[in-house]
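Contents: one structure, followed by commentary.
Each chain carries a letter (A, B, C and D) given by its place in the written order, and its residues are counted from 1.
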Amino acid sequence: MIDIFTTGGTIDKVYFDALSEYQIGATALPDMLAENNVFVAHRVTQLMRKDSLELTDADRAAIHQAVAASDADKILVTHGTDTMVQTGCGLADIKGKTIVLTGAMQPATLRNSDAEFNVGFALAAVQTLPHGVYIAMNGEVFDPATTAKDRSAHRFVSK
Amino acid sequence: MIDIFTTGGTIDKVYFDALSEYQIGATALPDMLAENNVFVAHRVTQLMRKDSLELTDADRAAIHQAVAASDADKILVTHGTDTMVQTGCGLADIKGKTIVLTGAMQPATLRNSDAEFNVGFALAAVQTLPHGVYIAMNGEVFDPATTAKDRSAHRFVSK
Amino acid sequence: MIDIFTTGGTIDKVYFDALSEYQIGATALPDMLAENNVFVAHRVTQLMRKDSLELTDADRAAIHQAVAASDADKILVTHGTDTMVQTGCGLADIKGKTIVLTGAMQPATLRNSDAEFNVGFALAAVQTLPHGVYIAMNGEVFDPATTAKDRSAHRFVSK
Amino acid sequence: MIDIFTTGGTIDKVYFDALSEYQIGATALPDMLAENNVFVAHRVTQLMRKDSLELTDADRAAIHQAVAASDADKILVTHGTDTMVQTGCGLADIKGKTIVLTGAMQPATLRNSDAEFNVGFALAAVQTLPHGVYIAMNGEVFDPATTAKDRSAHRFVSK
């Protein structure tokens, strides 16, 4: 069983014409997994719908609690990219689980989004990596403790 | 370095109006990797453009030769799904490399293709799995020796 | 009321993995019109699902009969491009109606299909043109009597 | 010759990850017309890149000036939907031209955008309608003098 927790972020942004702006909608994950013929046992839980710049300490505590309480040892978290590293570092004390965070630079609703690629990548990472916390972005696996997002380059880099 | 060999298959099918039919075009991989902001070192080599039902013994020998001769120990092969298992089994004698085969049930040019998800999945698998030969499809890692494609269910299954 | 008759053609081609080939599926028109927030009164009838190279005299008679029998004076016909001119010429004797034929060079299921653009174009043409038979392709309105498809150029041209 | 003026609006919104928001980018029109194999003579001029709620009197004067000064009698204007009616009404004094305004409820960069359909529709309308000013949205032609956008219903309606 893979436990998937969604927290919002760019990956789930949809355009609301009535507001002339994008907001975080219902998670794209269940439709995406079905559309890509994924049959491996999994469960999707939407924890919150927030831009990761707006996540509070209470939100991070809720994410930590959900991951720690899961009876699964494979955990995938979708998350905004701006504070993904911070959330990842905060999960490092959880032992006995493989925890992978991923997200997207472009909303899944866009024609040229990186969302499907990244979720596919993360879904393999969570099934194959040893216990620990990882960031799966840009086709690479990063250690949150030594990683930063380089906004201007649209990528995560090891520091 | 990840060595990516493309052989054709549904993933690279494009529609030719002048022929009123789909044919296998130039590989979608380089554009796909660029569009998804993949910076990990890789090299894409198009070995052939064939439906996997049309692959000959000579084609399989050429794939085997290319994989064995690569100086990389991470090898990704894109391949039609119908005979992916057969090609995978034929690579089992190559030691010291992680070899991952993937493909798609729907061409990458389609709006709802599984191509990006599968390549993302395979790109993680090739970086994280121990040496050996694997099929990465449907969000799962399979052993070619014990796998079959279930055409009617659009999926690979363990036998 | 706009009466829309679908006959097949590239516009409705979908990929069947189990057959490793494209076939003409259920018409894409109802979903397309809904997705594009079209509220003008219309009715969609699927007459057949054929590549236009395979249309028989009996098929053309059935199309003629359906168009002539419609109680609407605005008729949109989706059709394969290869014999669209022939079918259009065969409808020229129907008076008192604006009849517009359109189709696509690339299936509507493709990311970069011309299907939505062409159907949008044709839907305006059928509402604005005087009675007569027209081909609406490549962003232009053509008279079937003086038009030919130039396959190599992916376009219709006046002859 | 069809003169196409772009002013911004949702149709041209692209997502900027570095800002975590959508902004109006370079117009999607030239690529869209090329992708849809449009060969009819046309010219695309980007007048401004603005949300239509932010258009000033000076902006509307600039649009009016550009349309009036064009040597073409077929004018297509892409525009945000929120004040499209207002801009359309302001062009009503320009005689001897067919002027069609269109736009989109969803950015052209989205998988399910109405942009291609609407531009296709408007491109037919501008070639087939008599001189005057029109709004081409939702698969219908509206008179700006008697039309309003119903935001909650995602559509234009006659009042």
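By our rule, a contact is a pair of C-beta atoms (placed from the backbone, for glycine too) under 8 Å apart; a residue touches a chain by one contact, two chains touch by 3 or more.
As the structure is a prediction and not an experimental result, all values here were calculated from the model.
A.B. asks: Could you tell me which chains make contact with chain A and chain B both?
C.D. replies: Joint contacts: the list comes back empty.
A.B. asks: Could you work out how many touching-chain steps separate chain B from chain D at minimum?
C.D. replies: 2
A.B. asks: Any idea how many Å lie between the Cα centroids of chain B and chain C?
C.D. replies: For chain B versus chain C, the centre distance works out to 37 Å.
A.B. asks: Please report how many Å separate the Cα centroid of chain C from that of chain D, as a whole number.
C.D. replies: 26
A.B. asks: Could you put a whole-Å number on the gap between the CA centroids of chain A and chain C?
C.D. replies: About 43 Å, centre to centre.
A.B. asks: For chain D, give me the residues that contact two or more of the other chains.
C.D. replies: 105, 111-112, 154
A.B. asks: Once the touch criterion is applied, which pairs of chains come out as touching?
C.D. replies: So, checking each combination of chains, I get A-B, A-D, B-C, C-D as the touching pairs.
A.B. asks: Okay, in this complex, where on chain A does chain B touch?
C.D. replies: 32-33, 35-40, 105, 111-112, 114, 116-125, 127-129, 136, 138-141, 154-155
A.B. asks: Using the touch definition from the top, list the residues of chain B that touch chain C in their complex.
C.D. replies: Against chain C, the touching part of chain B is residues 10, 13, 15, 17-18, 20-22, 51, 53, 80-82, 105-107, 109-112, 151-152, 154.
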